[in-house]
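Before I ask anything, let me first share the structure, which is written out below as structure tokens.
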Amino acid sequence: MFREMFENVRSKNPLIHNITNYVTVNDCANIVIACGASPIMADDKDEVADITSICSGLNINIGTLNSRTIQSMLIAGKKANELNHPVVLDPVGAGASKLRTETALRLLEEVKFTVIRGNISEIKALASGSSSTKGVDADVADKVTEENLDDVVAFAKAFSEKSEAVIAITGVIDIVADSKKAFCIRNGHPMMSSVTGTGCQLSAMTAAFVTANPDHPLEAAAAAVAAMGYAGEVAFGRMDKMDGNSSYRNYIIDAIYNMTPEKLEKGAIYEVR
Amino acid sequence: MFREMFENVRSKNPLIHNITNYVTVNDCANIVIACGASPIMADDKDEVADITSICSGLNINIGTLNSRTIQSMLIAGKKANELNHPVVLDPVGAGASKLRTETALRLLEEVKFTVIRGNISEIKALASGSSSTKGVDADVADKVTEENLDDVVAFAKAFSEKSEAVIAITGVIDIVADSKKAFCIRNGHPMMSSVTGTGCQLSAMTAAFVTANPDHPLEAAAAAVAAMGYAGEVAFGRMDKMDGNSSYRNYIIDAIYNMTPEKLEKGAIYEVR
Amino acid sequence: MFREMFENVRSKNPLIHNITNYVTVNDCANIVIACGASPIMADDKDEVADITSICSGLNINIGTLNSRTIQSMLIAGKKANELNHPVVLDPVGAGASKLRTETALRLLEEVKFTVIRGNISEIKALASGSSSTKGVDADVADKVTEENLDDVVAFAKAFSEKSEAVIAITGVIDIVADSKKAFCIRNGHPMMSSVTGTGCQLSAMTAAFVTANPDHPLEAAAAAVAAMGYAGEVAFGRMDKMDGNSSYRNYIIDAIYNMTPEKLEKGAIYEVR
């Protein structure tokens, strides 16, 4: 089924509006192209509604937020909701500063997200802080392991039910859940954490996948997560002994570029809980 | 003749002020160095006049414009005009939002540009919107092909006459025209559109070329366009079966770094219309 | 001794707050990871105090400063001082515009820096402009050579005494000095100047080194400078005939990733004056 999700990205070539941080923006643009979609980056409040309108999906990443771009995120998010465009939130660093946590929570209040993708700490910061998610027990561990996997899955499902978004928690094991069903994905390679922005890249790519598959947000997000992890494996397989994290960064994007829907279908390692 | 244009970049090593977007800025800096010039990036209104003054040329790219940087573009553009420095405009996304179209048009009104480089849609958005270009028939096709090439050439010449800038329209066939003469350049590779910012990179490099060849803006711009296309071919020739758009991005810049004026002269494929 | 400095970065994995320019920010993040530390990029005045507080060190780079980020640099710098965190200043382009020179000087007045790293022109602009450094003879040459090395060493020591910061002047020969002792480092490769931001990367890495070695700022900064130069040599050794400055950029970061403390100890070429 991941195959169909990916085929739709390649055949529909959706245009994705990204309001994202300046650290990893170039890699986000290139990976969106690599997977078969097209990126536009624009973050001024006076144009984001226009740009959102000509696109089919929106990716909001708060990585280097500031007062100017926060306003733009809200405007673009609401416009995307109005137009029924899928919207992805990457709450980078939620929990690390009051501004980030509050901005992420405000976005959750004012914008309906299709997918929220972050690491376990970021997702917990949202789940415990959000008034709309009161009652979600965010007291899960800070690292996902085989031992606590069921707890994290339950947490993800509960947060999905409250937020009405697909929740993608990425780490050693990735969990992509709606309120009823969770994909536990075991692709990836530890070295991916040595490249800045693999999470940002995944969020941008997730926006492409859910936009190309509007009726299957859960499966589309899971396919994007599996594609990223599988790309990390393929890329690692190319590593020469003098290669380091900078070459690895290139190889990951290259691997998405060369991945076929068939290869993803075969390479994806997951179970449903 | 492209050889001499390129030789002058390498021997004069001009310093180029870039006000450009944060998506592709690193690649722009590296390609400016690769071709033999030196980049400075600075976009605050309180320093752009100073920075323009110590440079020899200016590149304005509206890719991630905002109210703060628009002001800086106007200040820097006017200062460059005052100092008789060549100025390149890359109207990224003109036509895609009101803000972009209006900003590009305002820049055209208030700043004299040496070269305007964009794709056919962007250039059409400028030509049809600009009061100073009224009378230019922008009703050409949205894609340049062998069939409509003469029409696009005529359009480019007319817009050049009105705007008093060299017009560089890049795509499958590139057209670089002043009011009387047009270079139709057939270098390049389709995969170049899989790398974000090859257009931005070309505009930055064009600023280097016209700055090093102030008496030959048409030929200098055409040489830059041919160099970029030829680099795309050389880079593609290096591609390994696991390489994708991220490696290709590196190879294009590498190809400019290793290109000699002689190789450009031999590799350039063009005719004059 | 450089070995111990590097070992501490790898074992302590310090979290480094970077307020830096958008040109080279991605490379800065990746090289900080490559050397064994972790980067956070954040530049909004409403969150920099929070972010500085959860980090152990701070790197301030004025490369694409603006009125908004200047404020953030001051807030973060003061907070870091309050918390006794090491702070590195990279005065990119000091001397090139009034805004840059004045901002760098203001930062020097209001923030206590552990290390100031720049090229000779930038460091001279600070030394001659700063009221707190009056009496430092900045009338040294604009290029460090074997002939004027003793003069530059004396200048660096004098500026270190006045500024109470370790001074790192990088170029063909690198000088890292406190008021009494200077390391003259002869690692590096001329091609490093063909990659945008090797200086920025070094400053970010220096912050990691001094943070992991709080009692040895001079030796830690010298180790970072030697590591960068040595990486430039190792990376050049990998260059294929089609490789250019873009591949070289990747290879430098890769070389830091693969460098061991032992290799640095053996590869470092320096003398103490």
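Letters are used for the chains, namely A, B and C, taken in the order the chains are written, and counting of residues starts over at 1 for each.
In this text, contacts are C-beta pairs under 8 Å (C-beta built on N, C-alpha and C of every residue); 3 or more make two chains touch, one makes a residue touch a chain.
Note that the coordinates shown come from a computational prediction; the quantities given were computed from them, not determined experimentally.
Novice: If you take the chains that touch chain A and keep only those that also touch chain B, what is left?
Specialist: C
Novice: Over half of the interface residue numbers used by both chain B and chain C, so same, or under half, so different?
Specialist: Answer different: the two copies use largely distinct residue numbers here.
Novice: Approximately how many whole Å separate the CA-defined centres of chain B and chain C?
Specialist: Computed from C-alpha means, the inter-chain centre distance equals 34 Å.
Novice: Mind pulling the chain A residues that touch 2 or more other chains?
Specialist: Residues 22, 26-27, 249-250 of chain A touch two or more partner chains.
Novice: Residue numbers of chain C touching chain B in their complex, please.
Specialist: 21-24, 26-27, 63-67, 93, 96-100, 194-197, 241-247, 249-250
Novice: Residues of chain C touching chain A in their complex?
Specialist: Residues of chain C touching chain A: 22, 25-27, 29-30, 33-34, 39-44, 46-47, 50-51, 54, 68, 234, 238, 249-258.
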